[in-house]
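Next come two complexes, and both contain subunit A; in the first it sits with subunit B, in the second with subunit C.
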Partner chain A sequence: MIAFIGKRLLGLVATLLVASFLVFAVTEFSPGNVARKTLGPFAAQESVDLLYQKLHLNDSLPVRYVRWLGVLTGVIADPLQDPALKLDFKDPRGDRYFGNFGYSTLYKLPVNDVIWNRLGNTALLAGISFALIVPLSLIFGVLAGMREGSFLDRTISVFGIVATSIPEFASGVFLVAIFVVALRLLPGTSPLTTGGGGWSIASQFVLPVAVLVLYDSGYVVRMVRGSTAEVMNKPYIRTAVLKGLSFKTVVWRHAVRNAMIAPFTVILLQINFLISGVVVTEMVFAYPGFGRMLLEASLFGDIALIEAATLVALAVATTTQLLSDIGYALLNPQIRVA
Partner chain B sequence: MTDYRDNEHIKTLARDLSEKRIDRREFVRFATLLGLSATTAYGLAGKITGEAFAPAARADALPKGGTIRIGNRIKEIKNPHTYSWGGYDSNMSRQVVEYLTFTDEKGATHPYLAESWTASPDLKTWTFKLRNGVKWSNGEPLTADHVVWNLKRVLDPEVGSSMIGLMSSYMLKDDPTQKDAKGNPKQVLWDANAIEKVDNSTFRFNCKVAQVAVPEHLFHYVMAILHPDDQGVFQVGSKGTGAFELTEFEVGKKATFKAKKGYWGGDANVDMIEMTDTGDDPTAAISALASKQLHGLVFADPLQYDALAALPHLQLYSVPTGETVVLRMKVTEKPFNDVRVRQAMRYAIDQGPILQVALHGLGREGQHHHTSPAHPEYAELPPFKRDLAKAKQLLAAAGFANGLDTEIFVPTDLPWGQVQVESAVEQWKEAGIRVKINLMPGASYWDVWTKVPFGSTIWYHRPLAIMTYGLAYRTGAPWNESAYSNKDFDELLTQAEGTIDVGKRREIMAKLEKILQDDGPLVQPLFRDTFTFMDKRVKGFSMHPTNYFFGWKVGLAEA
Partner chain C sequence: MTADAPTHVSALEPGKLAAAPEVMPDAVAASMTSLVAPTAPGAPVAAIDRKPPSLLRRLPTSPIAMVGLALIGIWVVLAALAPFLPLDDPNRQDFLSLANPLPSAKHWLGVDIKGRDILSRLIFGARTVLTVAPFAAICAYLVGMPLGLLAGYYGGKVDLIVSRLSDIILAFPIIILYVILISQIGPSFWNIVLAVILTAGPGIGRIVRGLTLEQRHLDYVAAAQLRKESDFYVMAVELLPNCRGPLITDFCLRVGYTIITIGILGFLGLGLPPPDPDWGTMVKEGTTLISVHPHMSLFPAIAIVSLVLGFNLVADGVRELSLTD
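Right after this comes the complex of A and B.
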C-alpha cells in the first residue's frame, strides 16, 4: 500500500512538471501581451516595451520555465521583486522561499496572497454542494434503479435529465428571476460580505449551491441509477429474492454496496469539477472564487497565477484519483492496489 | 490678480452672449475655462441676458449617514498618475485624492483644489491660486510645492503618465542631448521655469504655445494631486485631501472608504462608501441591484438596460457624451487611399437604425465628423443622409463598379461596438461593399489598433472636440490611427485651439467638420449617452459623461 502511494506521488510530481511546462508553452501562443494589458490600450508603445523587458518576457521559453521552477523551489530569488525595476513587487515572505509561486501581474500581489483565499472560498462552495450532491444522488439513484421502468424511476430519470441539460448560466438566471426579482427571498449575488441589503452570508450560499446541486446531481443520479439497475439484474439478486428475503433487505444488503463501485469514481471526479468547473456559477453570482480567478488570469495572460492554479487543480485531481483507487479496493476486495 | 472685467477674452464672450451668438451654457463654459468661478459666470450671464440663475441644491439639504454601496470593477489602483482606464480605478482613488479643477456634467469647469485661475491674453501664461484651508489627512496644509511635485512627476516621460499626451505640445520639448531606451531624444520640460511656484499657494504654467484647455487637462483622471511622501503610490493609508479615506482594498473583491472629519468642503453626507466587484458577467450586477445588495453602478452597459429599467426601485440617470466607436480607414492603405471610396463608405450608412440596434436609441446620430452636440464648440451642419446611388456612383468612379471587398478588425470587448459594425456591414452590402468582420480579443486589438487598414475603435468623451481632433486626426499624432494627414485641417485646428471667440471658433469648427465629412478617414454612425441606475434612496447623484462618481455629492435616504 505504502509503495503504491509512493509510486503515485512520484507520478504526481512528473505530471505536475509536464503540465506546468505545457501551460507555459500554450500561453506563449495566446494573443495579446501582458505588458500591454497591464498598461492599457492607450499607453505608448515605448512604455509597453519597457515593461515587457522589466518583466523578463523577452527571454526564451525554456529560460523562463527553468527560472519559474527555480523560484518555486526557492533555489533562486524572484527577479521581479528587484526594487531596481521599480515594479513595486513586494512579498512579505521574502523573494526566495520554497513554494514561491511568484508575483501575479493581474492582481499586483504575490500569488500566495491571492490564491489560497480564493481556493478557500471555492472549497466552501464546493464542500456544501458536495455534501448535498452525494446523499441526494445516492438516494434518488438507488430509488430509481431498484425498480427499473417503474413510475418512480421514470419521474426521477426525467427530472435528472432535465436538471443536467440546463446549463448553469441558464438555471442561475431562472432561479434569480424567481427567488430574487419576483419573490425577493434571496440575494442575487454572493460577494461573501454582509451589509448589502442585510443578507446573511448563509443566504448568499443558497442560490449558487442550488445551481450546482441541480446541475451536478442530475448527472450523478443517472450514473447511480444505471449501476443499481444493472446490479438488480444480476443472478445473485435473483437468488436472494428467491431465498425469500424481503425486497428492502435485498436492496440494502446485496445491491447497494455492489452498485456503488462504478459511481464511486464518478462521485470523486465531481470534486475536480467543483474546484475548477464552477467558474460559470461563480460568474453568475459574482462569487469571489477560484474558477473566476483562473478565468481572469487566463484572459489576462497572468502566467504565474495560471501556473499556480493549474498545479493546485492538478494536485486536487490526482489526490481524488488516488482516493478513488483506494476506495475502489475497499469496496471490491477482488481489486488490489499495487 | 487681474479683475475679470479687464480680460479681453471675457469681454468678447460677454459681447457674444448679449448678441445671442452663444447661449448661456457656452458662456459659462468658456468663462469658467478662463478662470471665472462658475457662480460669478452664471451671475454675469444673468446680468447680460436678464435671466436669473438658480443655485444648485445645497449639499446640506441631503440626508446624512449610512453606507452607500456601489458596483464597480475592483481593479488595481496603485499608481493614479499612470491609470489607463479611468472608469474603474480613478473612481476609487477619486474619493480620497482630488484634482485642481472640476469639469461638471454640462462641460463647465469649476474651481476645486485651485480656487481661481487667470490666463494671460496670449493664453500662454496660466496662474492658479490654491484654495485656503485644504488639509491632507495628516493635518498638513496643501501647498504649491505639493502641486508642483505632482505636475513635474506626470510630465517625466519615465513615469509613463498619459498627461504627456495632453500637455507635451505646450509643456515639453525634445532634448537631443539625452536619449531614452530606444535611442530617441528624451522629452523634457521646454523651459526650466515651465512649471513655476509663485508663492506658497500660487503656481503658474508658462506654456510654449497658446493653450485654451489647461483647466480641462487638470481634470484628466490621472492628474490626481498626491502627497509627495507617498511617492506616487496609492493604497490603504495614503494621504489625501478628499472627503474619504481608503480603509480596505482587495483586487477583484471590494474597496471601502470611510468619511473623514474636517474635510475642507464640509463633511460628506454618507459615513461610508463600499464598492464591490460584480465581475465580467453583466447579469451579476443586475441581480445585486434587484436584491438591493447594491445601491447603484458607476456605469451600466446597454445590455443591462432593459432588465434594470424593469426594476421599480431604480432611477435612470443618463447624459449625452462625445463617446463613440469610429469605423476608421487607414488612408495609406488600398482601397481607402482613394477619397471616393471613403466617401462611398459614409454615403452607404443610415445612422438611425444603427442607433436603435446598437444602443436601444440611447444616444445621438453621428455626422461622420467626430464632434458631438455635447461639445461646446459643436457646429451644426446639414444632416448627412444616406445616398445609395451616390455611394455606388463614387465606387464606380474609383474603379469598383462591381463592388468592393474588404475586411474590418473588431475588438470583442465592447458588445455594442460589435453590434454597430454588424449593422453597418448589412447596410454596406446594399451598396455593393462586402465587408468581412474579423473579430479579435480586445487585448490583441489594442496591440494593432493603429496598424490595421480598417478597424473599429472606441473614443471616450473629452470635454472639447478639439482635444479629440488633436489626438486623432492631426498629422503625425501618436494616436492618429488612420494616418490621416491634411494640411488645411491641421492649420485650421491650430487656429481653433488658439481662438477663444466662440462665434469665430464655431466657424472654424464648421470647416473642420466639413473636411472630415468630405475627406476624412472615418465612418461614425453615433454618439452614445452614458447612463447608470441608482436606487431611488440615493440623492444628489448626477451622471457624468466620463462616468465619474463623487462620494461627497451623494446622500442616502432612509429605506
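Right after this comes the complex of A and C.
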C-alpha cells in the first residue's frame, strides 16, 4: 500500500510538471510578447525592451520554463522585482523563497497575496455545496435504485437527466429570475460584503450553492441509483428477503453498504468537477472566488497568476483522485493493490 | 476482466470524464465495472451467427430517446429553414421596440438589449450551435478513437504513452482548460473545434481503449487474426462496430456537453465573435438587464437547455437499448 501511494505521489508531481509546462507554452503562444503583456499597452517601448532583456525572453521555451521553476522553488530571484525595472513590484517575503509564484500584473500584488484568499472563498462555496450534494444524492439515489422501474425511480431518473442538462449559467438565470426578480427573496449577487442591498452573507450563499447542487447532484443521484439497483439484484439480497427481513432492513443493512463502494469514487471526483462548475457560478453571482480570478487573469494575460491558479487547481484535482483511489482500495476488501 | 471503469462512468456524462478514475489499478476498474453496469460480456458472440438488430431500428421503442429526438428535430428543422422563415434579420436593431422589449405580436419572444429580435437570433444561433458542436465532437472522435484503438489493441508502450498523455489532459478541471486555451488563442470556429479536440479527445481515447480491452480477447477477434486480417482491418471492421452502443451514447452526451461548453464560453465572454448570434453570449448580454427584463436571458437559456436535454435523452435511450443487446 505504501509503495502504491508513493508511486502515485511521484506520478502526481510528474503530472503537475508536465501540465504546468503545457500551460506555460499556451500562454506564450498568444500574440503579443510577454513583456508587453506584463506592462500593458501604454508602457514606453524602452521599459518593454528592458523587461524583455531582464526576463531573457529570447531564450527558448524550455529554458524559460526551467527558470520559472527556479523562481517557484526559490533558487532564482524573481526578475520582476528588480528595482532597475522601476515596476515597484515588492513582495514582503523577499524575491527569493520557496513557493514564489511571482507577481500578478493584473492585481499589482504578489500572487501569494491574491490567490489564497480567493481559494478560501471558493473552498467555502464548494464545501457547502459538497456537504449538500452527498447526502441528497445518496438519499434520492438509494430511493430510486431500491425499486428499479417504480414510479419513484422513473421520476428521480428523469430529474437526474434534466438536472445534468441545465448548465450552471442557465440555472443561475432561472433561479435569479424566480427568487430575485419575481419574489425578491434573495440577493442576485454574492460579493461577500454586506454593503449595498444589505443582504446578509448567509443569504448570498443560497443561490450559488443551489446552482452547484442542482447540476452536480443530478449526476451523482444517477450513479448511486445504478449502483443500488445492481446490488438489489444480487443473490444475497434475495436471501435476506427470503429469510423474512423487512424491506427496510434489507435495503439499509445489506444493500446500501455494498452499493456505496462505486459511488464513493465518483463522489470524491466531484470535487474536480465542482472546480469547473465554480468558475461559471462565480461569474453568474460575482462571487469573489478562485474561478473568477482565473478567468480575469486569463483575459488579462496575467501569466504568473494563470500558472499559479492552474497549478493549485491541478494539485487539488489530482490529490482528490489519489485520495479516492486509496479510499476505494480501503473500502473494498476484494481489491489487492500491488 | 480487463474492463475499464470510465466507459460506464462516462456513459452518464462526458464532462465527468475529466474526473474519471483513469489511473486506477485494473482490478479496481474491473470490479467497478461489474458494480456499475451489468453489460453481458457474451453479447458479441451472438454476432457471429447473425447480425444483431440495428440500434437505429430499435430506437423508436425507447420513449425517452424519441422525446430527445423530437427536441433535437425541432431545432434542426428551424435552423435549416431559418433563411426561408418570415424572420427579422437577426442583427437588425429595431430601436422603436426598445421602449417595450417584451414579447409582442411583432417580436414573439421580444427584443434583446440592442433591440434585435430574440426569436430570430435564437433560430440563427441554432445554426451555429448545431454546426459547431457536432462537427467538433466528430473531430474529437477522429482523433481520440484511433488513439484508443491503438492503445487498447497493442497495449505495452503504445498504451503507456497514450494513457499518460491523456491522464495529464484529463487531470485539468475541464472548464479551466477551455478558459486558458480560448483566452489565449482567441474565440473562433476553428479554435473552439481545436479546444474540443484537445479536451475531449483523450476522454474518447480512454473509452475506446477500455472497450477494446474488453473485446480484444473474444473469439471473433481471434478468428479474424487467424484469417490473417491486417491489424487495421481487425480494429476498424471487427472491433469498432462491436463497441457502437457505448460510443453512440458517449457521442450524444459529448455533443450535449459541447453545446454546454460553447454556451459557457459565450457566457464568460469568450464566445464566437459578434455580431452573429451565439446563445451563450445572448444569455450573458441579457443578464445586465435581468432585474428589469429577465426574458432577454431566459429565452436563450431555455434554448440551450432544450437542445442539451435532447441529446442527453437520446444518449440515455441508446444506453438502455445497448444494455439489452
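FYI, the second predicted complex is superposed on the first by the 305 of 338 C-alpha atoms of A that agree within 3 Å, B and C clash if a C-alpha of one lies under 4 Å from a C-alpha of the other, contacts with A are read in each partner's own complex, and residues count from 1 in each chain.
Criterion: a contact is a pair of C-beta atoms (placed from the backbone, for glycine too) under 8 Å apart; a residue touches a chain by one contact, two chains touch by 3 or more.
For clarity, every value in this text was computed on a predicted model and none was experimentally measured.
Once the two complexes are laid over each other on the shared chain, residue contacts for A:188 go to subunit B and to subunit C alike. With both structures placed on the common chain, the touch criterion links A:176 to subunit B and to subunit C.
In the superposition on chain A, A:74 makes contact with neither subunit B nor subunit C.
With both structures placed on the common chain, the touch criterion links A:18 to subunit C but leaves subunit B unconnected.
Within the superposed three-chain arrangement, the count of touched residues of subunit A is higher for C, of the candidates subunit B and subunit C.
Of the two partner chains, both subunit B and subunit C are touched by A:283. In the overlay built on the shared chain, the residue A:327 is in contact with neither subunit B nor subunit C. Within the superposed three-chain model, A:314 lies in touch with subunit C and out of touch with subunit B [touch as defined at top]. Of the two partner chains placed around the shared chain by superposition, subunit C is the only one that A:162 touches, whereas subunit B remains out of contact. Once the two complexes are laid over each other on the shared chain, residue contacts for A:298 go to subunit C alone; subunit B is not touched. Note: residues 173, 176, 180-181, 188, 283-284, 299, 301 of subunit A belong to the subunit B contact set and to the subunit C contact set alike, using the contact criterion stated above. Against subunit C, the residues of subunit A that register as touching in their complex are 4, 8, 11, 15, 18-19, 22-23, 26-27, 29-30, 161-162, 164-170, 173-174, 176-177, 180-182, 188, 219, 222-223, 226-227, 230-231, 233, 259, 261-262, 265-266, 269-270, 272-273, 275-277, 279-280, 283-284, 291, 294-295, 298-299, 301, 306, 309-310, 313-314, 317-318, 321, 324-325, 328-329, 332, 334-338. By the touch criterion given at the top, residues 67, 69, 76, 78, 82-85, 160, 162, 165, 180-182, 184, 233, 251-254, 274, 276-281, 283-294, 311, 440-447, 449, 478-479 of subunit B touch subunit A in their complex. On the subunit A side of its complex with subunit B, the touching residues are 31-33, 36-37, 39-44, 46-47, 49-50, 88, 106-109, 114, 172-173, 176, 180-181, 184, 186-189, 191, 193, 195-197, 199, 282-286, 288, 292-293, 296, 299-301. By the touch criterion given at the top, residues 9, 12-13, 15-16, 18-25, 27-28, 31-32, 35-38, 167-168, 171-176, 179-181, 183-186, 256, 260, 263-264, 267-269, 280, 283-284, 286-287, 290-291, 294, 297-298, 301-302, 304-305, 308-309, 312-313, 316 of subunit C touch subunit A in their complex.
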